[in-house]
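Each of the next two complexes has subunit A plus one more chain, namely subunit B in the first and subunit C in the second.
Right, the complex of A and B next:
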C-alpha cells in the first residue's frame, strides 16, 4: 500500500468581512498526498491554491483563519499544533520553495552561510560534515563549481541560480514533502525549463513528495503525476495528470485547455467568457455556472459535489461531466488571424542603439559617444502598416528598452526612428509635437499599475480624449461610452474605480484608453502576462478585433512564445540587445533557424505531458553583451570557432523572407534542425 | 458579468468620503479622545471671548496670587488677573497662528516635494541640498533672528513658522511621490504628453494627498509647541495678550507657592498637543497609512 503523508480533510479557511460575514477562501478541501508523488495544484489567481499549499505546512496567512477541517501530517493536525512543535516539522519534514528566491534569500549573507544555517536548524550534522553537505547540495541542484557559489552573495547569482539555491536550502533538511509555490513563474523560458527538469530529477532521486502550485498548466504538465484543479476555493477536478490534460472532463479545465495558445497552432484560441467569482460572492449553485458552456438549469441552484469516478481514478465536481466524457479530446480551434497588412511602411528603426551607461564627463564635454558597447545596438526593423510585429527574447534582451525608445521615454544613443517614411521621431518626449505623441500609445503589463487607483474608469478614458481632442461635456461622455463598448464593457463601468474591476476588465480599460487617442501604432508591453490564463485569450481576441477594425499597427513585446505565435504576423528575436532573426512568424516557428531561436522554442512548456522541452543550451545569463562577434557566442551550442567570437555575423535571407544573423550557412542551419 | 454587493462601491461625494473618514477615526478609542479634545479646544477658541468671566487684562494688586476658589476657579496670577479667563483665551492666538502656519507649510512643502520627486535630476539635487541646509539650522535661532528683525506680528509669525515647518514636509512629499512616480500610470501620462502640472494635479496629488495631510497634522502639533516656546522666550505674542507660552514663562518662578498659575496653561497646551497628535494618528489609520513604521524627519 502506498503511504499517505499528508491528509487534508474538509478544510475550510476564510476571513471575516467588515460586515462580519464569514467569507470562505477554501471550501471543504479534501485530498491526500501520497509518498513520492508530485501533485500539481493549478488554478487562477484567487482560487485558493496558495492558501491550500500554506495550510499544508500548518500556516494560515494573517487575517485568515481555519473555519473547519484539518491538515494531517504524520497523524497530527498541523493547524492545531503549537508553534514550537511546528518549528520541528517545518524545514525538516515539510519544506517550502518560494516564488521569488531572490527575495527569499538574505541579501547580505553568503550563499554557503545561508545553507549552513538551514543545515544547523534542520539536520543533526556536525560542523565538518556540514561543509561537505553544502557542496553536496549545491552539486545536486547542478550549480557549477559549488565552492565558489557558496562564497557568493545572492545578488551575484542569476534568477535561475537563486532558485536552485532555494531548492538546495529546502533539501537541507531532507524533507518528506516539498511545497513549491510558483517556483518558476518569474524565470525566463529557458531557465524555467531547466529548473523544472531539475525538480523532476530531485523528485525521482530523493523520493520526496512534491506539491507544485502554479497557474501555468505548461509547467504543471512537466512535473506532476497528479493534478488538482481549483476554482473559486474548491477542488473541481482531481486526477492523474495525463488524463486531465488529454481528456479533461470538467468544463472549466476543458475551456482552460482550449484557451491556452500553443506553439503548434497559428491563430487565436477561443476565449472563455467572464471571470472567476470573487470569494464571498458565491451563494448557490455551481461556482462555474456563469462561464460554463455545458450548464443546465439545475447547475444554477444546486452545487455539485465532488464525485469519485473509479474507472478514471478521478474526482470531479460537475453534474454534466458525462457529456464531456465521450468527446473531450481537446480539439483546439483557433480563429485564424486576418492580416490587414499594407505595403506602406509606418515605422522604421534604423541603426538604433540605446545605452543605459552614463556618459563620462570628458565625453560629455567633447560631445562624443563614450560607450562603444551599448545595451541595444544595430536595430534595423521596418514595420508595415497594419502588421503585428513581436519582439521576443529573455529578460535583458532589450525588448522593452526598444519599446521605451519608440514611445519617447528613453533617449537613443544613435540611429533614427522614422514614422510614415518621412517624419523623424525624436526619442525624447519633449521634442515631439502633440500629434507625434498621439500616434503612438502604450499598453502596459500590469493594469494595476497603469491605471491611477484614484480615478474612475470615466476619468481614465477621458484623459487622452481631453488632451488630444479637447472634448468636453456630452461629447466626451458619448466617446467614452463608445470606447467602453468597443472593449466590451458596459456603460455602468464609468463610475467604477480600478480596484472594483477584475484583472481582465482593468486591462480592457487600459486598451480603451490607448485606443481613445486614435493611434496608428500601439506598443503592447507584455500585455497578457499579468492576466489569468482564461482571461488572456479574451484580451488577445479583443486586441485582434480592434486591430481589424481600426487598422492599427501593434508592436508586441512578450516572453511568452505561444502568445506571440497566436497574434503576430512577424517576429523579431533579440538576444542581448542585438537582433538574431527577423521574419514572418510562420517561418520563424517552423524552421527556427537561428540557434538562439531554436533554444527559445525548445524551452517552451506546453500543457501536454507528451511534449517535453528540449534543453539545447545552458541557462547561464550573461550580464553584458560581448564586445565583438556574435551576441549569442557565449551560449551557442553550434559555435563555429573564432569567427563567431570576432566577427559580427552577416544577415542571411531565406526564400520566405526570413532574415537570420548567423555565421552558419543557411542550408546547414536548416538541415540540422529538421533532423 | 455581475459583481456582488460586497464588492460594489458607488462613487461617493466628497462630503460622504470625509464623513466616513471621521466616523472611522472616532470609532477607535484613541481617535475618539483625540477628536474630542481637538474639537473642545477649537470650540473654546471660538466662544471663549463671550464666556470669559473677567477681563483678561484687568490688573488688581489686591487680588495677587489668590488660590483657586469659587470666585476665581483657577486662582489669580502675580498681577491679580483671573487665571481661568486667561487660560481659556490663551489658546486662541496659538491655534490661529499655527493653523494657518501649518496650511502654508503643507502648501509649499507639499508642492515643492512633489515637484522635486517628479522632475528629479539636477533640479531635485539642488533644491534638496538647500532644504537640507535649512534643516541643519536650529529653527529656534533662525526664528529668533526673524522676529527680532521683523517684529512679532501675526503677518511675520505665520509665514515664518510655515516656512520652517514646511521643510520636513518637502522630504515626506518627495518620498511619497517617489513611491508613485515609478508606477506605469505616470509613465503612461508622460508618454501621452501631459504637462508636468497636469501630471502633478491629476495623477500624483490624489495618490500622495493622504500621506501629506497626515504629515501636516503632525507638523501642526509640533508647530504649536514651537510657537509656545517662542512665546515662552518672549518672542511670540506680546503681553498682555493671554497666551499659554507666555503665561508659563511668567508664572514659572512662582511654581513653588502659586502652582495654579502655571498648571492651568500647561494643561491647556499639552492637552491640545496630545489631542492633535491622537487625531493625526487616527486620521492616518483611517486612511490606511500606518505612521508607526515611519521615522519622523
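Right, the complex of A and C next:
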C-alpha cells in the first residue's frame, strides 16, 4: 500500500470580479501525491498550476479565496487551518522552492541567517550544531566554500547559486513534501541542467515527494514520475510521465508536444491555433474546444469529465481520446523552412568590439573608449541577404550587446558595421540618417514593455508609416490594415490597447510595427522567450512566412538552442563576447563542435524521458573574459594547457564550412564527441 | 567608500557656492537696495552716498561678493541693515528656536508616523487602516494655516489651556519657551506625520507583496518575526530620504506656522528680512538653509548606503 501524502479534493479557488461574479482560477481539482514520487504539473501561463501548488501549502494569494474543496495533509485540511498551525507545517513538513530565488531571498539578510532561520524554526539543534548543519546543507546543494557563501548577501550570488541556496533552505526542515514552482525557469541552459540534476539527486537521496510545477515539458520530463497537465484551471490529463510524453492522448498535450522545437529536427514546429481562454471568459463545453483539431459538435456544449482509464493508469478529460489513442505517437511533422538566401552581402561586421567599462574623464573628453579587455571583441560576421543568422550563448555572452550596436543603440569601441557592401553604419544613433534607421528594425523580448500602453494598435503601427513614408489618412489606414492582416490580426484590433491583447497578439503587433518600416534587416531579441510554447510556434511560423514574402534578413538572438535550430540558416555561438563557432545550422548541431557548443547542446532538455542532458562543464559564472588566450579556458573540460591560456585559438574550417575556434585539432575534437 | 564621501561633500560645497552666487546676483539685479529702502525719501545725494560708504556698497559687485564670501566662510555674514546689528547675533537665537521646534516635532512626529504607517499597512483595508487613513488624508489636505488657526481657537481661546501666540523675546531660555511651542508643534507634526505615515504605509505594502515575504511565510516564519526581520528593514530603507527631507524642511523654518503663531524662528526671520529688504540677512539665510538641505541629504544618502547591503557592495566593487 502506497502512502498518500497530500490529497487534493474538489478544490476550487477563484476571485470576485468587479461585477461581483465568481471567477474560477482552479476548477474542481482532485489529485493525490504519493510518498516518494515526483509529480510534474505542466501548463501554460494562466492555467492555475502555481495556484494549485501554493494551495498545497495552505496558501492562497491576496485577492483569491477558496470556493470549495480541500487540501488534506496528515488528515487535516490545510485551507481551513489557523496560521499558527500552518507555521508548524510550512518549512517543516512541506517546503517550497520558489521560481525566482533572486526575488525570494530577503535582500537585507545574509544567506547563512536565512537558512539558520529555517533551522531554528524547524529543528531543536543548538547554535553550533546549526552552524555545522548550514555548511552541510550548502555542501549538499554543491555550493563552493559554504563558510564564505553563508556570509554573503543574496545579491552577491549568481542566479544558479541563489537557486541552490533556496534548495538548501527548503531542505533545512527535512520536509516530507517539496513544492517546486518553476525552479529553473530564469536560469541559463547549463545551470538549469545542473540544478535539475541536483533535484533528481535529492529526490533519490532523501526520498522526499516532490511536486514540480513548470511550463517546460523538457524540464518536467527529466524529473517526474507522473505528470498532471492543466488547462484553464482544470486537470485535462494525468498519468505516468513516459506515456504522457510519448503517447499523448489528449489533444492539448498532443498539440503542445508538437509545438515544441526539438534539437534533432530542423524546421519549424507546428503551431496550435489561438490561445488559452482567460479566467472568466469560459463558456459551456470543453475549454479546449476553440483550439482543438479533434473536436465535434458535442464538445461545444458539453464539458467532458475526467475519466480514469484503468489500462493506461491515466485520467483524461476528453470525449475523443480514442481517436488519438491509435495514432498518438508524436510523429513530429515540421514545416521545413525554405531558405531565401541570396548571394548578396547585406551586413558586414568586421573587428567589432564593444566595451561597457566606465570611461575615465580624459577619455570622455576626447570622446573615445579605451578598454584593453572589452566585453565584446573581434566580431567578424558576414550576413547575406535573406539569411536568418542566430547568435546564441548564455547570459553575458554578449549576444544582445552586439544587437544593440547594430541597431545603433550602443556605441562600439572599434570595428566597422557595413550595410549593403558600401555603406558604413555608425554605431551612434545620432550619426545615422533616417534611412539608415529605417533599414534596421528591432523586435524586443517583452512586448509588454516595448509597446506603449497608452497607444492603440493603430497608433503603434502608424508611427513608422508616418515617420518613414509620410503616409496620411486613407492610405495610412489601408497600410495598417494590410500589416495587421500580414500578422494574422483582424481589422478590429486597430482600436485596442496592448493590455487588451494576449501575449502572442502583442508580439504580433510588435512584428507588424517592425515590418511597417519595410526594413532590410530585422533584429529579433529573444522574441519568443516571454511566450508560451504553443504561441511561440505560431510566432516562429509567422516570422518565417513574412521573411519568405519580403526577403528580409533576420538576426535572431536566443538562448534556446532548439528554437534557433528551428528557424535559422546559420548559427554563431558566443562565449564572453567572443565568437566560438560559426556555421550553417545543420553543421553547428553536429560534431565536431567547439567544446562550448558541446556544453550548450548537452544541456538542452528535450521533452523525452529517455534523452538525458549531458553535463560536460561546470556551471561557473565568469565575470569577465580572460585577458588573453581562449575565452572559454575557464570552463573548458578539454583544456590543453598553456596554449589555451596564452594564445587566441585559430579558426579551423570543417568540410561542411563550419568554422570552429579551438586549439584542439578537428579530428580529435570529433573523436571524443561522438562517444 | 571614503572616496565616495569626499566626492559627495565636494559636490555639496559646489552646490552651496552656486546657491550663494544666485542669491547674490538676484539681490544685485533687483531694483533698489538697502540704502534706498532705509533712507526712503531721503535716498539721494550726500546722504545716500554716506549710507553706501557706511555699508560698503560703493565698491564693484564682484569685490563685494568675494569679501562677503570670505567672511561668510568664517561665520561672519556682515551687518543686518534693519537692526544694524551683526547678522550672527540675529541668527543665533533664531536658529536655536527653530531647532527646538523642529526637534520637538521630529521626536513626536516620526515615531508616530512610523507606527501609524506600519499599522495601516499590516491591517490593510481593515478597520484600523480605514480609520487611520481617513484621518491622515484629512491632516494632509488641511493647510497648516487653517489647522493652526483652529488650534488657537479651540485650545487657546475656548479652553484657555495654552498661550495662543508666542509673545516672548527672541532669546528666551528653553524652559520659558516650552509651553509656547506645544501648539506650533502639534500644527506642524500633524501634517508632517500624515505625509510620512502614508509614505511608510505604501512602502510596507509594497514589501509585503514581494516574493521574499511570501517565501518567508511559506518557510513557516511566524508573523511578527516576519514583519520585523523580513519586512520592516526593507520597507523603511526608502523612508530615510523622506525623513531627511522632512527634517530639512522643518529646520529651514516652517514659515506659515511660525507666522501664525508669531514664533521667533528662522521662518519668520525669512519673511521679516524679505519685507524689510534686509538683503544681507536674506543672503545669509539662503546660504544657511541651503547648507541644512545639502548636509541632511548627504547624511541620509550615506545612511542608506550603510544600511543597504546591495548598495554597499556595489560601491566597494566600483
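Here, the second predicted complex is superposed on the first by the 665 of 675 C-alpha atoms of A that agree within 3 Å, B and C clash if a C-alpha of one lies under 4 Å from a C-alpha of the other, contacts with A are read in each partner's own complex, and residues count from 1 in each chain.
FYI, a residue touches a chain if its C-beta (ideal position, glycine included) is under 8 Å from a C-beta of that chain, and two chains touch if they have at least 3 such contacts.
This one's a predicted model, so the numbers in the text were calculated from it and none came from an experiment.
Of the two partner chains, subunit B is the only one touched by A:467; subunit C is not. In the superposition on chain A, A:408 contacts subunit B only, with no contact to subunit C. In the superposed model, A:280 lies in contact with subunit B only, and not with subunit C.
When both complexes are overlaid on chain A, the residue A:650 reaches neither subunit B nor subunit C. Of the two partner chains placed around the shared chain by superposition, subunit B is the only one that A:453 touches, whereas subunit C remains out of contact. In the superposition on chain A, A:437 contacts subunit B only, with no contact to subunit C. When the two complexes are overlaid on their common chain A, residue A:21 makes contact with subunit B while staying clear of subunit C. Subunit A meets subunit B in the complex at residues 17, 19, 21, 274-275, 277-278, 280-281, 290, 407-409, 429, 432, 434, 437-438, 440-442, 444-446, 449-456, 463-464, 467-468, 495, 497, 500, 505, 513, 517.
Residues of subunit C touching subunit A in their complex: 209-223, 229-230, 233-234, 237, 307-310, 313, 318. Here subunit B touches subunit A in the complex through residues 1, 3-4, 6-11, 183-185, 187-194, 202-203, 206-207, going by the rule given at the top. By the touch criterion given at the top, residues 54, 57, 59, 62, 83-84, 86-92, 95-96, 98, 100, 103-109, 117-118, 121-122, 153, 155-156, 169, 173, 358 of subunit A touch subunit C in their complex.
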